[in-house]
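Below, subunit A partners subunit B and then partners subunit C, in two separate complexes.
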Partner chain A sequence: MLGYLIKRIVIVFGVLWMVSTLTYFTVHVTPGDTATAILYSIGGENAVSEKNIEHVRDKLDLNRPVYLQYFEWVTNSFKGNFGTSYKYNKPVLYMIKLRLPNTIKLGITAFLISVAVSIPLGIISALNHNRIVDHLSRIFTLLTSSFPSFWIAIIFIIFFALKLKLLPVSGMDSPKSIVLPAITLSLGMMAPIIRMMRTSMLDVMGQDYIWVSRAKGLKESAIIWRHVLRNAIPPIITVLGLQIGHILGGAVIIENIFSWPGVGGLLIDAINAKDTPMIEGCVLVVAFGYTFINLVVDIIYACIDPRLKYSGEGK
Partner chain B sequence: MKFRKIMGILITSALCVSALAGCGSSTNVSSSAAYSTASSSVSTEAENTSDEKVLRIAFPSTLTSADVTNSTSATMLKETAGVAETLVYADSNFKLQPMLATEWEMTGDNTWVFKLRDNVTFHDGTPFNAKAVKWCIERSLKENSELAGTTYIQSVEVIDDHTVQFTTSERTTDLPAAMSYVGTAIIAPSSVDKSGSFILPIGTGPFKAESFDETTGIFTAVRSDNYWGDINTSVTKRIVKSMPDASARSLAVQNGEIDIANDIPFSDLETLENSNNTNVSKFNTARTYFYEYNMKKDLFKDERVRKALIYAINKNEIVNDVLFGVGGVPKGILMDNMPWANTNVDTYEYNPDKAKELLAEAGYKDTDNDGYLDKDGQKLTVKIITFTKRPGCPLIAQATQGYFANIGIDASVKVMDWSAMNELIKKGDFDIALNSATSAYVPTPAYYLDAYYVHNNIGYKNDKLNELVEKCKATDKMDEKYEYSKEAQALGQEDACIYTPVLYGAVFAVSKNVTNFEFNAAAHDFIVPYNTDLK
Partner chain C sequence: MENLLEVKNLNVSFLMGKRKIHILKDVSFNIEKNEVLAVIGETGCGKSVTGSAILHLLPENAEVGGSIKYNGIDITNIHENEFRPYRGTEIAAVPQSPSTSLDPLMKVGKQVSECVTDKKYKYGEHKKQLKESIINIFSKLKLPRINEIYDDYPCELSGGMNQRILISMGIVTKPKLLIVDEPTKAIDWALRKEVIEVFQDLKKERRCAMLFITHDIAAAKCVADRIAVMYCGQIVEIGYTNDVLNNPKHPYTKGLIASMPSRGFHVMEGYMPSFADLPIGCRFEPRCSEKTDNCSKYEPQMINIKNGYVKCFRFKL
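For the complex of A and B:
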């Protein structure tokens, strides 16, 4: 197990390095000069003059070759220094620390809502295979996966905020503020979980040992809880892990629509301003979240699926 | 057993969070910032009690600081919150007026002396004086990347308690105008702690900073008891909320969460106009939308082609139908009421027949009857580039594409980020660019003309015009400045290499509870004047 863990942790670091390198050079090859983008983002068109561009380049040392800037960034990152935001003139880590708890709060809420709805729905759907409940569940799945989240967000705002006046439109001012963004974000994750839960359940329910259990006269509830669910859950754990990635990516859009002060809004601002240190910081947070959660999922998977242990993969 | 435990934890957590979210558990909006003194709470209901009147304003950019060294925050503090002030301001006729300075004089080629008001104290009771101005401007020069390039200030000296001298890096007659720029807003030295870390902005305005939440970007300010000027409003508190998304601002006004929001989507105007709770106010601003031809291309070296393309565009139709009435058609290149605007120039009013005639004279005819003009076997095509940030840009460019098609020109439109567009312009990889800039960034004629005509990136050069702009910059007599400016505009308009079809409009969605809201085009588009009141 220890060897497996070390191997996975090395892979996590490798992924983070690749992501940060790709991001760094992608930012530099996208059209637009960095100093111009920074000045434009803080002062608009009029702030962009040759004099100011030179000033910014000198101040931020942008005249050096990109590879030198990159090496400096990598070296500092290993020391825990992710640099200072070009746009906000504040340490990147400080800005992320301010915003990350909000993204986590939104993400966890959305994730739990999604789990609370999807898993029971998947189970019910499988237990009522090809009956009306199953069909309704499939229609729900189709709808939630077909509508883009920004559209759902607007519809929710119009209905729950403007028409019913139940919830605020945006911000993080009242406890109710999290409801709409969390539900919107959770909807996008539900379809794969429901489908996987349903398929996995149906798959297990068709296995010989389930028929044998029934033939031996075990209660149906005992069969479902002890045998079907236990064997159907492992694939769901993997899907849940992957959905964390969806949360982090989806939060960028949802946070912007609902003016939720998370890392997503910071990332969009940073991209507009070509604020490389801030973009790197935000992307690393998202990438770390994604790889770390997947690592945890793999460990959980190894723990609950004895087949992995016996085949040696989880050792 | 493990499986049961995991399932148990998952289901219990899910139920707890769903219940918490549904019932409205307490979300604590707090910042780890040392100076985030309070978590602000803005309810969807009006917060106005008998002794407190709160004006809630949406700010259309991300706010991560409340320091004047950040231009965005300085705009919020000066124009929106009413906390910090500048030495000079421009009235709605673009005339400079005393604010924290009472008079100013150019004492040498590179020196200006400003006399400061002697009856002003900062919100914490510390005196507003020359020492405070020196400290603040020097700090802003160090921190704000655009300030030195905008004002040319090199150093600040204290002459006496209420007199300060600015030394500039080059001769400038426009320093008083530059001292109205938001980046020169003054805050007290007590705004920072002993180690120099910023705490809260302590200004001189009619509202004093109460709190700023770095995480949510919510800034609150309450009425100051010791404001030096006269204001007439019953508002006791202003809450400024950072809301970068235009739709979110519009929806927040519709839902009664915000009293004033600007730059709302054009598509929402009808809904807002028909709403029982909101009014829509449209104003012309000093910002312009302008077209630039790529003068390195042979096509635009022909004056007839340049002018034909302007004649082809129906400017009034663009304002009324494409921009939903947000904006205006100038009589030249600037707002008509700017004292230095030349309104007696040819504006090339919409005339598609004249456009066709000029193109025919230039040799462009439809020889192959495909509906498009051609010359020497080459179809007349133009690539228009524009950018996303200003809402009218993509719309105007698309309308122009249609007008060009009407006279037989095959136009394409490419919309991108501004810095990407700027790079294409510098590279010369475009035919026509639709750009935007504000003509009152520094309210004086020379700044805008210098950027608009002289330091263009399109390859346009007119020595006589450049000379006039230099003279306009050099003279310290306002009448002469205006005259040189008008002459330069006449020449530029005649050359027709850069032209302004439409003025940028500011559109505000304002709650019907708000009264006395008057726009000042000389200020920033985000201005909420001090006297704005609530019923």
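For the complex of A and C:
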């Protein structure tokens, strides 16, 4: 188990390194001059002048070849120094520490909402499969997965914030502010969980050992709780892990629409300003969240499924 | 003797899309108290479907006709809630295929004990007794490491060990009727004798009646009082074990016995017809070496013999 863990952690670092390298050069090859983009994002059109551009280039060492800049960034990152944001002129780590808690708060709320809705809905669909409840749930999943989240966000804002005035339009000023962004974000991740829960339940219910538990004369509720759910849950954990990754990506869009001060908003701003150290910081946070959660999922898996202990996977 | 189970003209068909596939046709047999009836026949002839029908555990797409009486009570159409108390306590099952019949995420001891805990005893001191009696069964079945095995998962045991766990599940509740499906299939030859002895003991000591489904004729010979031979969804011959094995009347029974390794391994030619495309006359006619002109035109009737019947035109009393 320990060897397996170490192997996995090494992989996490490898993934982070690859992601950050790819991001670094992708940002570099995107069209547009870095110094101009920074000036524009700070002072608007008037700030962009020959003199200012030269000044920024000098100050940020942008005239050096890109591989040297990259090399310096990597070395510093290993020492825990992720550089200074071009735009905000503050350490990247400081900015992220400021914003990350908000993203986590939004993400966890959205995750809990979607689990609280999707898992029971998936179970109910499976238990009533091909009956009316199941069809309704299928329509619900179809709707939530086919409308883009930014569109749903706008509809929510128009309806609940502007028309009914029940909830704030944006920002993070009141405790109610989290409701709309969290629901929007959660809707986007419900469909796969509902589908997977339903499929997984139906799959287990068709297994021989469920027939056997009926032959034992167990009550239907005992069969569902003790045998069906326990066996249907493991595949769901995988999907949940993937969906948490989805939250991190979805947050980028949702945070911008609702002006939620999280890492997502920071990332979009950084991209607009070609603020490479800031982009790298945000991307690393997202990538780390993703890989870390997948690691956690695998560990949970190994703990609940005795078969993995013997297949070599979990060793 | 009194009949514990009376199955009369049992018909089972499955709806497959728009089509209806008729599997069991007019299956009739009785099992007396403390009697073992073996059902033999090749794979896919409907043995397991018969067992499931008695347990009311056919899939949703199944249609059941005819009548099943248990202890004089007609249980053919009784409601699930009324029938559930019968399962496990009155009629228990030892399912086929040990590799898929155990819950992979539950310890095997728990899987055996839940047959009982959900019904009679609740927790407390009984739990300890229960564990003892289960370990007792394990040791009778010659399971190794009986104390540790209780807390093992199915994946930690071999196929033969899991098969014996399934057997423990069937007998732990001391049922009056046990439906045993292919109990010797996954068992090593060395252990087969022990497993067969367990069923013999069960019959002698616990006075448990059994529907003993198998294609292991030798096992049937050791355990069964009577044997029913099934071919393609019908019982073609049924009678006392000795009569059926030593003096088979139906050509299919003769073929089955000739195909036993101890009788020369003469495997029958041809295949069982598909249930979707059955012959008009006798279902065995295409493979039969003794067929007459009538065989392909009409279905043979049941001819009653001592404690059973034969379904063949050739057979004359």
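Here are a few things to note about the model shown:
Definition applied: the second predicted complex is superposed on the first by the 315 of 315 C-alpha atoms of A that agree within 3 Å, B and C clash if a C-alpha of one lies under 4 Å from a C-alpha of the other, contacts with A are read in each partner's own complex, and residues count from 1 in each chain.
Here, a contact is a pair of C-beta atoms (placed from the backbone, for glycine too) under 8 Å apart; a residue touches a chain by one contact, two chains touch by 3 or more.
As the structure is a prediction and not an experimental result, all values here were calculated from the model.
Once the two complexes are overlaid through subunit A, subunit B and subunit C fit side by side, free of any clash as defined at the top of the document. Geometry note, superposition on chain A: angle between subunit B and subunit C about the Cα centre of subunit A is 160 degrees, to the nearest 10. Of the two partner chains placed by the overlay, subunit B and subunit C both lie in contact with A:304. By the touch criterion defined above, A:123 lies against neither subunit B nor subunit C after alignment on the C-alpha atoms of chain A.
In the superposed pair of complexes, A:230 makes contact with subunit B and with subunit C alike.
Contact with subunit B, but none with subunit C, is seen for A:169 once the two complexes are overlaid on the shared chain.
Taking subunit A as the reference, the larger set of touched residues comes from B, when subunit B and subunit C are compared.
In the superposed model, A:215 makes contact with subunit C only, not with subunit B. Residue contacts after overlaying the shared chain place A:207 against subunit C, while subunit B stays out of touching range. Using the contact criterion defined above for the overlaid structures, shared-chain residue A:31 touches subunit B, although it does not reach subunit C. Measuring only between alpha carbons, the smallest separation of subunit B from subunit C in this overlay is 10 Å. Contacts of subunit A with subunit B, set against its contacts with subunit C after fitting on chain A, overlap at residues 230, 304. Against subunit A, the residues of subunit B that register as touching in their complex are 2-3, 6-7, 10-11, 13-18, 21-22, 24-27, 29, 31-33, 40-44, 62, 64-65, 69-72, 143, 145-146, 148-150, 183, 214-218, 241-245, 247-248, 251-252, 254-255, 257, 416-420, 422-424, 435-438, 441, 451, 455. If you check the complex, the residues on subunit C that touch subunit A are 52, 55, 57, 84-89, 92-93, 95, 97, 100-106, 114-115, 118-119, 153, 155-156, 166, 169.
Contact residues of subunit A toward subunit C in the complex are 207-209, 211-219, 222, 226-227, 230-231, 304-307, 310. Chain contact summary for the complex, subunit A toward subunit B: residues 30-33, 36-40, 42-52, 55-56, 59, 88-90, 95, 97-99, 102, 105, 108-109, 112-113, 115-116, 119, 154, 157-158, 161-162, 165, 168-179, 182, 229-230, 233, 256-259, 261, 265-266, 269, 272, 274, 300, 303-304.
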